[in-house]
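Input: structures, listed below.
The following pair of complexes shares a single chain, subunit A, combined with subunit B in the former and subunit C in the latter.
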Partner chain A sequence: MLEVHDLTKRYGDVLALDGCSFSVWSGRIVGFLGPNGAGKTTTMRCIFGLARPEAGEVRWQGREVGREERRRFGYMPEERGLYPRMRVREQIVYFAELSGLDRSAAERAAGRWLGRLKLADRAESRVEELSHGNQQRVQLAVAMAHAPELVVLDEPFSGLDPIAVESVAGLLAELASEGVAVLFSSHQLDLVEDVCQDVVIVDHGRVVLSGDVHRLRASSSRRSLRVTVDGAPWIPNVDGVTVVPREEGRPRVLVDASVDLDELLRLAGETGRVTQFSFEPPSLSDLFLEAVTGGGSR
Partner chain B sequence: MSKAVSIAGVNLRRVFRDRISLFFMVVFPFVIILMIGAMYGAGFEPTLGVVSRGSGALGADLVGRLERNEGIRVRAYDDRGSLTTAVERGQVEAGLVIPSGYDTRIRAGETVSLPYISRPAGSGQEAQLIVAAAVDRQAVVLRAARFAASEGVGSFDEALRTARAVDASFPRVEVRSSVAGSSVLSFNYGAAQELLLFVFLVSLSAASMLIESRRLGVSRRMLASPTGAATVVLGEGLGRFAIALFQGGLIVGVTLVVFGVDWGDPLATGAIVILFALVGTGAAMLMGSVLENAQQAGSFGVFFGLILAALGGCMVPLEIFPNTMRTIAHVTPHAWALDAFGDVLGRNGTVVDIWPQLAVLALYAAGLLSLAAVLFRRKLTA
Partner chain C sequence: MRGSAAKVLLVARRELVQRARSRAFRIGTAITALVAVGVVVLPSALAGGPSARRVGVVGEPSAQLRTALTAAASAFDTKVATEAYADVRAGQRALRSGDADVLLVGGDELVWKQEADPELSAIVAGAVQAVERQRVIDELGLSPGQVTALLQPHALRSRSLEPVSEDEAARVGLATFALVILFASISIFGGFLVTGVIEEKANRVVEILLSRARPEELLAGKVIGMGLLGLGQLLVVGACVLAALFAVGTAHLPDTTPGMVGWVVLWFVLGYAFYSVVYAASGSLASRQEDAQSVSVPVTMLSLTAYFVSFAVLENPDGLFARVCSFLPPMTPFVMTIRAAVGKVAVGIALVGLATYGLIKLGGRIYAGAILRVGPRVRLRDAWESAER
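Let's turn to the complex of A and B:
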């Protein structure tokens, strides 16, 4: 298990991390969420010793993380970190060697990952010749060729088309099923909700919400209400309603979990013909907005 | 160390894949070789332009004497104007005008002056010595002939024939010169200056590759792997060091074989080139650790490369520096390397003789690489 405990980090006057703490369990996929500048990348860098926190510590399997522990980690930095003109296989072998594998083991690992990521036919291509999705696959192969026990990925889904997203998400699920702890940052909340078991939401350098996604949703005091009357969205005029504006499409309506559903249905029916009525735990997007901004209100 | 070798291997492959880098890597040493060969090669002979139209038999005799001289090549020009232009453009090192009527005026007992044209710098001064010697030699024969004719031995022409015959059979006195110390006039020392200037400038170009690795995030990935900052800097530098060393060795080898430049004791020269290439690599890694982009590295590299070379005596020999400036010059590694070359080339020095200079160069290299590693890590882990 990775334990990030009370990390504090300043860049000049800017407090990038303010006592950031969370855990990543082996075999779990953790979505690391937060607005831009919330401290996600800094936290990831602290895990790999690429940023030195003023306070706090990072532990792996109960031991403070040092060089030896980091050999068991895989990292995909936000800058991506590949030579564009280098060939795919050569690149995977190179970083696998730097991560401690000998040449032949690195070659075998490269072959295995090229096959697993369906890149075998592009092994001798230069990275710059690949599509964005395939380049992202190479990034993942490089991060995982040395069979790490923890994988930390900074925005792995950024810029991918839906097919590539599906493929990468499937790969992360496979890794987790093999016992690998996966931590990745993303702004695609629906995707995180689908892929992750756990979520950590940070804002202004501190964790504002964390835990099992389903439990967080279920334990919320709010519920998402979706009612359509005469083909149009209906918003109840009762206490405790929160309307989350959407730029496109219908607004999200959140109500107290204890609201009287029969009463709501009756009120909706009085205004016209009810064609849709759903009452569900809030989505991860709702939880995120509530945690980071306090949510919208009517 | 194996990680550093891996990084160096990748670095070299990156260079070899970049056609522009490859072009400069291969072409540049040969440009320098040609330059050193042309300027400092032992086979180099200055070319003297000569105008001798209408100068008569004695004018032709003087031209013949110049042509027979092994230290100079003679090229004929029609008039003084075209000769002056050729000197100005560097087509010939110097020019000599043998005026029209030279023969007649000499026979008439007149004093004739021979205009000599050269540029302020270059080997025109050397050619002037050769011209003066040839003119003196002819003057000796002419004076002897005139004396004989005045004593009634015969006509001037008969006396001239006799004087030439005597001159040809007369034993000659030759002056053999050797150079003590690293003289300003030493061609080999000049070649060493060029070599140091080039090796340092080429080494600095490695800075841009380290900056690119940083910019692409490859360096972060390396540090996260985990690979130490010192190993990354060492590996990134090692590849370029090998290239600089290869280029330096190529210049020494080819100028030695083709142009006969005397580089002295091979071990001592090798040690200087190796350590100086290492110093250049250290400076490049330092620049690559602190500068933000490749454009900055290019500009700073050329700027500092030239400034340090000038200050260190690679453009103007240290001998002509005032004492204070000579002391200041030794802030640069170039001055220490030139001191070492001075001992090796001027006094047949060996590695034992130049160990203090080699030690200073080694300290420079170690200091620069260590500082680069610290700043590189600080840059990426702030």
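Let's turn to the complex of A and C:
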């Protein structure tokens, strides 16, 4: 288990992390969410010793993380870092060796990951000759080839087409089923909901919401309401209604979980013919917006 | 788990293999080898032996004069062609047009186009004198024995108070050669290091590297890899030059002792290590290739200064100036290369070696402190303070 405990990090006048704490269990996939500048990347950099926090610590299996522990971690930074003119296979072998594998083990691991990520036919290409999506796969292979126990991926889905997203998501699920702890950040909330079991939502350097996705949704004091009357969205005029405007499509309507459904249905029926009526736990997007806009209900 | 040394070697191997594989490096090496071979081969190919000087003579030169001219020229390791001109005017025309180098008029006057050539002047004068002497000998009717007695020079014995170092010239040659190679290697491979370090920093590959290796391991690996590459290039170029030397038959290796060459190599390695670490540390201060030039200016100025100071030391390798410079670490490798090459191996080598080691540590700390700081150029002070102690 990875424990991030009370991390505080300041860049000049900017407080990047303000007592950030959460855990990642082995065999679980954790989605790490937050608006831009919330401190996600800084947290990841602290885990890998690339930034030094002023306070707080990072523990792995109960021990403070040092070089020995980090050797068993895999990292994919947001700003992808590969040698553009180095060949794909060589690159994977090199980084695996740097992580402590001997030459033949590194070669075998590279071969395995090239196959798993469908890169075998590009093994001898230079990285700069590959498409964006394929470069991303190489980056993943570099992060995983030394069989890490914890994988940390910064925005692994950004810039991928839906097919690639699907395959990366499948890969993360496989890793978790093998017992690897997976932490990844993302802006694509709908995607996160499908991929991860746990979420950690940070804002202004603090964790504002964390836990099992389904449990968080179910235990929310809010519900997503979707009512269509005479073919148009209907918004009830009762206490505790929140309307979240959307740029496209219908606005999302959140109501208190304790609202009287029969009463709502009756009110809707009075205005016209009800063709759709749904009352569900809030989506991750709803939870996210609620958490980062200061609603803070749990 | 792999030890530190294994990681350093890994990084060094990558640096060496990737750079050696690049087309730019291969072409650069080929051009360097070609130029070096050219420098060796061209002079002798173009010269084709010493060119003949043309002596114009007004009137028909005697057979004796021709023979005497050839003999006198051979004493100067050169050749003379004799050309007859009907009168002074024709001879002067030839002088002006460059068909003749000098004109002998009436057996007692030399006419030049412009400035007199002392060597050619001596050759012609010697030849004329020899002919005149022979005429007098013939006139007097001297016997061969008398001629010998008259002309036999008195042999002088020669001895020196101090032993003469016959290979002094070769040693100075070796020193100059070593100095040029040291400076060129430091500049070229230092430049490679700067761009390499900035590349890793700019594309953030350094973040993945540093999650798996210490900054010092990275730095050491890069410096060693690049150093081996430089050494390899030197060997290739050196082998080409040697082959060329033997091919044109002018192979003359400096007659120095192996011990001295050993010292030169030692200082070469130390000098390269010192400057390359400083170059790499400088590179870590920049985040973009555009800044490569400006961050390396101070190091380049330093090595340039040391390089020129060394030529002053070459004049007097045992003087006070040379001794003082031996103990200024940036100067040491250059100055000591000179002093070692001319046979003045210094005391206090351990002290200087230690100072160099200290500076390598310093460069390592700056590198460690600056390599992860992105954005504008990192100030030295910030890099120093943010480095792990």
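Following the convention adopted for this analysis, the second predicted complex is superposed on the first by the 293 of 298 C-alpha atoms of A that agree within 3 Å, B and C clash if a C-alpha of one lies under 4 Å from a C-alpha of the other, contacts with A are read in each partner's own complex, and residues count from 1 in each chain.
Here is the rule we go by: a residue touches a chain if its C-beta (ideal position, glycine included) is under 8 Å from a C-beta of that chain, and two chains touch if they have at least 3 such contacts.
Keep in mind the model is a prediction, meaning the values are calculated, not measured.
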Side-by-side fit of subunit B and subunit C on subunit A, or clash: clash
Partner chain in contact with A:77 - subunit B first, subunit C second, else both or neither: both
Subunit B versus subunit C as contact partner of A:85, first or second or both or neither: both
Contacts of A:49 with subunit B and subunit C, given as first, second, both or neither: both
Partner chain(s) touched by A:122 [first = subunit B, second = subunit C, both, neither]: neither
Partner chain(s) touched by A:142 [first = subunit B, second = subunit C, both, neither]: both
Doubly contacted subunit A residues - partners subunit C and subunit B: 45, 48-52, 67, 70-71, 73, 75, 77, 79-86, 94-95, 97-100, 142
Subunit A to subunit C touching residues, read off their complex: 45, 48-52, 67-68, 70-71, 73, 75, 77, 79-86, 94-95, 97-100, 102, 142-143
Of all residues in subunit A, those that touch subunit B in their complex: 11, 45, 48-52, 67, 70-71, 73, 75, 77-86, 90, 94-95, 97-100, 142
In the complex with subunit A, residue positions of subunit C that touch it: 1-2, 7, 10-11, 14, 18, 22, 200, 203-214, 372, 388
Subunit A partner contacts - residues on subunit B that touch it in the complex: 2-3, 6-7, 10, 13-14, 17-18, 213, 215-218, 220-227, 380-382
